[in-house]
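One chain, subunit A, appears in both complexes that follow, with subunit B as partner in the first and subunit C in the second.
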Partner chain A sequence: MSSWTITKWELKNTLHNRKFILIFFLQLVVLLMMVLFFSSFMEGIESEEGISLTPSLNQFASLDIYDPQNILINQLNPEILEINSNKIDIALNRLEGGDVTGVLILPSSDDFNLEEIKPVPVNLYIDYEDPKRSVIKDEVSTAQNKASSLISERWINDLTPQQEVSQPQIQEETQGEALPLQLINKVMTAVLLFLPLFLFGNLIVDSIVGEKERKTGEILIAMPLSRSNIILGKSMAVIITMALQVALWMVLMILAGYSIENPGLVYLIVVTTALPIVGLTSIIAAFSKNYKEAGIGITFAYVAIIGFLIVPALAYISQQGRYVSASTMTLAIKVFSGEPLSPGDIIVPFTSLLLISLISYYISIWLFKRDDIVFGPRPGILRLLFEFATLNKVVNYFKK
Partner chain B sequence: MIKISSLTKYFGKIQALDNLNLEIKKGELLGLIGPNGAGKTTAIRIISCILQPDQGQVMVGGYDVQENPLEVKSMIGYLPEEPNLYERFRAYDLLKYFGELYGVPSGELESRIEELLELVGMKARAQHRINTFSKGLRQRIGIARALIHDPDIIIFDEPTMGLDPATSLVIRDFIESLKGDKTILMCTHYMDEADALCDRVTILNQGQILDMGSPQELKSKIHGDIILNVSLNDPSQVNLADFENMEMVEKFTLKEDKLMLSLQIRRDISRIIEFLGPNLKAVQTKEPTLEDVFIQNVANLNK
Partner chain C sequence: MKLLALFKKEAKDILSNKIYLLVVFVQLLIILGAYGLAITSSVVTDPELLDEWGGSATIKVGLPQNLQGSPLEESLKNQDLTLMYFPDVETGLKEVGREVVALVYISNEEGDIGLQIDNTNVFYPVARDKINTALDYYQLEEILSSRRLSTEEINIIQNPLDINEIKINKESASPLALDSSYFVEIMYGFIVPFILLLPFFLASNIVTDSVVGEKERKTFEVLLMTPLSGPMVIAGKILPILLFSLIQSGAWIMLLYFLQVPVYNPLLLMVLLFFVGLGFIGMGVLISMLVDSTKEANSAVTLLLFFATFVLFLPLFMNIPALSGILNTIPTVIIVRMSSGPYLNPLWILEFLPSVFVSLAIFALSIFYFKQEGAIRL
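So, the complex of A and B:
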C-alpha cells in the first residue's frame, strides 16, 4: 500500500510536469521521423534502385584519348569523364597546356593486332598536379578490366564451334528477405521497440538522486514506510511510464505499416525488460551522491545492457538457425516475426530477466538502507563490494 | 515516552554519540542544546528512525526503533532543520501526500489539512506552489506537514533557524501551544528559545550529556540568583579578601575597574552598594541566562 502511494504520487507529478510531457511527445515525434526515414530507406533497397549518398561526378575530369581500334573508348564512363578523341600530338599539347587531366594512348591497327594473344600496350599520361587524376586512374582501370573481359570472351567464342544452343532457363526463386534486409529490418524494429526503455532512465535518477540533492529524502525516510517501499514504489512509477510510452510507440509503428505479429506478447516482453533496466538504474541512483555521478554510471550501465540485448539478437539473425538466447530482444524478434518458439526460447530470457531484476532491486534496497550511503561518509565501491560479498551481512539483512 | 539507553553512533571514524542516556516524559518539552557537531541532530534522527544506532537502545512509546521502526515513525512528527519540501507541489497537495503516506484515513484527511492550514496561517496560500514561498512560509508548511497525522511525539530540529524575529515568534508561540498535549523534543541553538519554551534542557557536547535539568536549575548551578556588574572609581582600594569572607557572594572577578559579583539573594545588592561606598561608579544587574550555562559548560570545556 505504501509503495503504491509513492507510485501514485510519482506518476501524478511526472504526468503533471510540463517538461516531461513535452519530452514525452517529442520522443514520439522523433520515433515517427525515424519510422518514416527507415521505411523510405527500406523501399529504396527493395526497389533495387539503390541509394547513393556520394556526390555527383558528372564529367568530373577530362581525358583525351587516341584509340583507333576502339578498345577502351567504349568502356569509359562518359557520365564521369569528359572524353575527347584526339591525335597523339594534339592530346599531349592539351595536357601540357593544362586543358585536360589525362591522355590515354592505345596502339593503332598498324602497330598491334588484337587477335594475337599478347598484352595490349596502353599509355596513360596524367597531370600529377591535378587532384582529379585519381578519378582518371580509377576509370581507366575499370575500363581496362571490362575490355579485357570482352576480348577474352570474344576469343573463347571464336574457338567454340558455332551451333544453335538453347539458352538454359534460369528461374530464380527467393524465400523471405535477403540476410542484410533481415538484419536491417528486424534489428531496426526491435531497436525501435526497446528504445523507450533507455529514454526514461532520468526519471528514476531524478526520483532517487533528486531526493538526496534536494534533501527531501530525510522526511521521506521519516515516513512510516520501509526503504524497500520507497525504492519499489519509485521504480514502479517509472516502469508504468515506460509501459505507457512503449504502448504508444507500438501503436505508432503498427500504423506506419510495421508488421508486428503477436503485438500483445511483444509488448509484454518489452515491458518486462524494463524491470531489470529500472532495477540496475536504481542501483546507480541509490549509490550516487548527485546527478553527475549518476549520469556517468548510467552511461556505462546502458552500454552494457544494450550490448546484452543487441549482440545475441544480431548473432541469432546472422546464424539463421535454432538459437536460444538470454536476450529478450532475440525473443521479441522471434515473436514479432511469427517464428515458432521452443520452451527454451521463453524460459531462458525470462529466467535471466527475473534473476537480474531480483538481484538489482536487492542491491539497490541494500544500498538505500545504509546510513553511510544516504547520509555519508560514503564508503568506496571496493569496500561495498567486499561487504556485499560477505555472507554474514546477507544473513543479517534477512534477520532484520 | 522516549527512553535512550547507551546510544552510540559512528560516522566512519567519527563518533557522533557516545553512550548517550536520556529519558523524556510524556507531555514534556525537552530541549537539546549544544555546539555544532555535538550530536543533537544525530540523536533526533535515530529517534525518528532515519538513522540506525550502532550500539544501545532507543524505545519510543514502548517500541524499539530497530525492531518496530514503522510503529515508531507513525507516532512521530518530524521537522528537520531545513524545511526541504517538494518544490513543485502545491501546499495542499504536499499535505495530502504526506497524509496518505502516514495513513490518515481519506475521510479525515481533507478536514485535517484545512485545520492545519488554518492553524499555521496558510489557508490563503493552500493552492500556491512551495517554490513561491519564503523560508518562514516553508517552515509553517513544514510544521503542518509534521502534524498532519496528529502525532503524540513531535521532534523539531532548529525550528526557528534563519527566520526573522517576527516569524520566529509565531513559530515559538505555536510550539508553546502544543505543550502539554504532545511530547516535544527540540534542538536549538537559541538559548532564549530553550529558556522560554523548554521544561527541561539537555546540554550535549561531543556526543555526551554535559548537564540536564530545568532552565532554572541549570542557571542556578552556574551562578547565584543575580549577577552584579560594578564599575569602580579606584580598583586599588578593593580588597578581594573581603568578598571571600562574605557568605552572600558566591563568585567574584575583578578585571581592571570592572567587578563582577554573583549573589544568592537579590536583596543583598543594597549591602554590596553600601560596602563599596564612594568607590562605586556605576552598577548594573544581570539575570543569569541559559547562554551563561552553555558558555560555562561547553565553551570552557572546549578551551
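So, the complex of A and C:
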C-alpha cells in the first residue's frame, strides 16, 4: 500500500459526499456573485474626479441653499449631498430643527452685481453637532473652486478681449495605473485566485482529526502503511480537490472577462502554493484533539498565511516592484499582469515555498508518528518544541 | 422557569467557551485596525491634514534648474511641496516615479506647462491637488500680471467667493477624531455598519455549534423530550446568543465613542440589530436542521456569511438610482443614516419594516424545520 491508495480513498469519500459536491458548486456560485458585484463596484468607484474607494453614500449629507443667481448650486455634487433650494428663513429654520446639516446663502442680484470685481459674500451655516459637517465643508469647498474658476474667467474676459488673453496651457500626463485601481484589479484578482486554497481547511481537519474523533485512527495506523504515507496521501487528496476548484474558478474568471495572462503558469503558481498551506494545516490537524481546537488553530494560521501572501503583494503594488518578494501571490500578480520577471522573482518565492513545504510536512509526519499525539495523553507545546529541537537528547546525555 | 434554566445553561456555555471569548478579542483587534487604517488613509488623501501632520514635505516634485527663482517655483513652494531640481527635463522625467512624484516644466516657447505625474504613488491625490492649485494660481497670475491691476484686485479675481463660515451648536460639537470628510465618509459609510454587524456573523456560528453539537453528542433527542415546546427550546437556545451579540455591538458603540466616532441613535440601532440578529440566528438554526455534522455546518455558515456580506455591504458601494427604493431598506444603509447624525427622520423607522419581515420569516421557517426535525427524531 502506498500513499496514493490513501489519496484515492480520500478522494472517493469526498467526491461521493453529496453535501460536499453541493458546497463545492455553491462556492462557484459565490465566485460568480463576487465577479458580478465586483464589476458594478468598479463602475461605482470611477468618478470624474478619479478613482475613489469611499462608499457611494447617496445623499449622505443634506444642504439647503439660497442661490438666486445660480452661482454655486450647479457646482455642488448631488450624489453626496441632498440639496434643497429654499428661502433663507425656511432654510435656517430647517437647520435649527436638525433637518439639514448646512445652509449656504448667496446674494441675490439686487444685493450683488456679479459684473463688478468684488468678492461675492457667501454665508455657510454649519451645524457642528452633526459629524457630517466635514463632508459639507469639503463639498462646498470643491464647489467653491469650480465656481471661482468660472467667475475668474468671466471677469478676465470682461477685462480683456478674449483674443488678447494668452494663458499658459497645462498639459498633464500621468504614468502608471492608479493605485486604487491596481489594488482592486491586481490584488482582488489575486485574492480570488488564491481563495480556493483557504476553503478546504475543513477537508484536512476532517481527514486527520476526524480519524481521532471517530476512533478510526487505530485501524488506519494498523494498516500496512507508514504514517508518513498516511499524511502525504491525505494531503495529496486535498491538494487535488483544491487544484480542481482553482481550475474551475479560473475558467469562470476568464469567461467573466478577467484579464489573466499566462493562465497555465498562474495556475501552476496557485496550485503549488497549496502545498505549504496543506502542510501547515496538517500540522494543526495532527496536533489537535478535536474539531474545535483545529478550528481555532486554522483560523490563526490562515490569518498569518494570508498576511504572508498579501502584505508583500501590497508592498509590491505601492513600491512598484522594486524589491523581490517571497510571496507567490506577488509572483502570480506579476505573471498575470504580463510583467517582466527577473530570476530572483521566481527563485525566491519558490525556494520559500519549498522550504515551508518540507518543514511543515516533516513536522506533521513527526507529530503523527507519535502515539501520545494520536492517542493521548498529549504533551504540552513547550515539551514538544523541546523534543523537536532534540534538546531532550542533549539533556539525557548529560544526565548519563 | 424551564425556559430560564435553558437560557442560563446556554449563556454559561457561551461565556465559558474560550473560543468565543477569543473571537470577541479578535473583533476588538479588527475594530482598532480598521480605525487606524481609516485615520491613516484620511491623512494620506487630505492635503490639509497632510500639511497639519507635516507629511507634505515628503511629497517631492521635480523642476528643471532653469525654473529656479521663477513665479512657477514660488507657486509650488507656497503649497509646502519639497522641490528637487534637475539639470534638464529629460533627466527629470526619468526620475518621475523614483525620486519625485511629479515633474513640472515649461513644455514650449509659448510658456505652456508640462506636468508628468506618477499615478501609482500613495500621495498621488494630494500631490495632484497641490500641484494643480499651484498651477491655477500661476496661470491666473500670468494673465493678471500683464494688466495694471492692484494686488487687491488680483486677490479678488483669484478668490472671487468669500465664504464666511458660521458655526451653529459649536458648544455641543460632535467630537470627531479627525475633522476630515474622507474619515467621516469611510467611518460612517462603511466601518460603523461593519463593526456593528461583526458580532452577528459570530452569532450564526455559535448557534450552529450549539444545535449541531447537541446532535453530535446525541443529546438533541433528550432536549426534545424535555417538557418544552419547539419554539421554547429555540428561544432558550437563541436568546442568550442574541443577547451576547447585542451586548458586543453595544460595547463596540461605546468603544467608538471613546475613539471619537460617536454613533448616534444607539437605542433604535439596537432595535434594528435585534431583528438583523434574529435573521442571522434564524439562518443558523435552519442550517443546523439541514446538516448532520459540525463540519457541514461550518461550510454552510461560511457560505451564508459570504452571501450576507454581499447583500449587506455591496449596496454601500453601489449607486443605482433605479434601485434606490430597495437599497434604502438594506439594514447597513439604514445604519449609515441613523448612526451618522444626531437627528432622526421618523420615515427611516418605516424602512426597518422589510428587515423585520424578512427576519421574522426566516425565524418562522427555522421553527417550522425545527419541529419537523424534532418529529423525525422522536
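Some observations on this one:
Everything below uses one rule, namely that the second predicted complex is superposed on the first by the 259 of 400 C-alpha atoms of A that agree within 3 Å, B and C clash if a C-alpha of one lies under 4 Å from a C-alpha of the other, contacts with A are read in each partner's own complex, and residues count from 1 in each chain.
Heads up, the rule we're going with is that contacts are C-beta pairs under 8 Å (C-beta built on N, C-alpha and C of every residue); 3 or more make two chains touch, one makes a residue touch a chain.
Keep in mind it's a predicted model, so treat the numbers as computed, not measured.
When both complexes are overlaid on chain A, the residue A:Ser109 reaches neither subunit B nor subunit C.
In the superposition on chain A, contact is made by A:Asp371 with subunit B only, not with subunit C. When the shared chain is aligned, subunit B comes close enough to touch A:Thr5, but subunit C does not.
Judged by the number of subunit A residues each one touches, C leads among subunit B and subunit C. By the touch criterion defined above, A:Gly295 lies against subunit C but remains apart from subunit B after alignment on the C-alpha atoms of chain A. By the touch criterion defined above, A:Asn202 reaches subunit C but does not reach subunit B.
When the two structures are aligned on the shared chain, A:Pro131 is found in touch with subunit C, with no touch to subunit B.
Look at A:Met223: by the touch rule set out above, it reaches subunit B but stays clear of subunit C. When the two structures are aligned on the shared chain, A:Asn157 is found in touch with neither subunit B nor subunit C. Residues of subunit A that lie in the contact sets of both subunit B and subunit C are absent, per the superposition on chain A. Subunit C makes touch with subunit A in their complex at residues 19, 22, 96-97, 107, 110-122, 124-125, 135-136, 138-140, 142-144, 147, 149, 153, 156-170, 172-174, 176, 179-186, 188-190, 261-262, 291, 294-296, 298-300, 302-303, 306-307, 310, 314, 316-320, 324, 327, 336, 340-343. Within the complex formed with subunit B, the residues of subunit A that make contact are 2, 5-6, 9, 13, 17, 214-216, 218-219, 221-226, 371-372, 375-377.
Here subunit B touches subunit A in the complex through residues 11-12, 45, 48-52, 69-71, 73-74, 76, 78, 80, 82, 84-89, 97-98, 100-103, 145, going by the rule given at the top. Taken in their complex, subunit A has these residues touching subunit C: 19, 23, 26-27, 30, 33-34, 37, 40-41, 44-45, 50, 54-58, 60, 71-72, 79, 95-96, 98-99, 101, 117-135, 137-140, 144, 147-149, 151-152, 155-156, 159-160, 165-179, 182, 199, 202, 205-206, 210, 291-292, 295-296, 317-318, 320.
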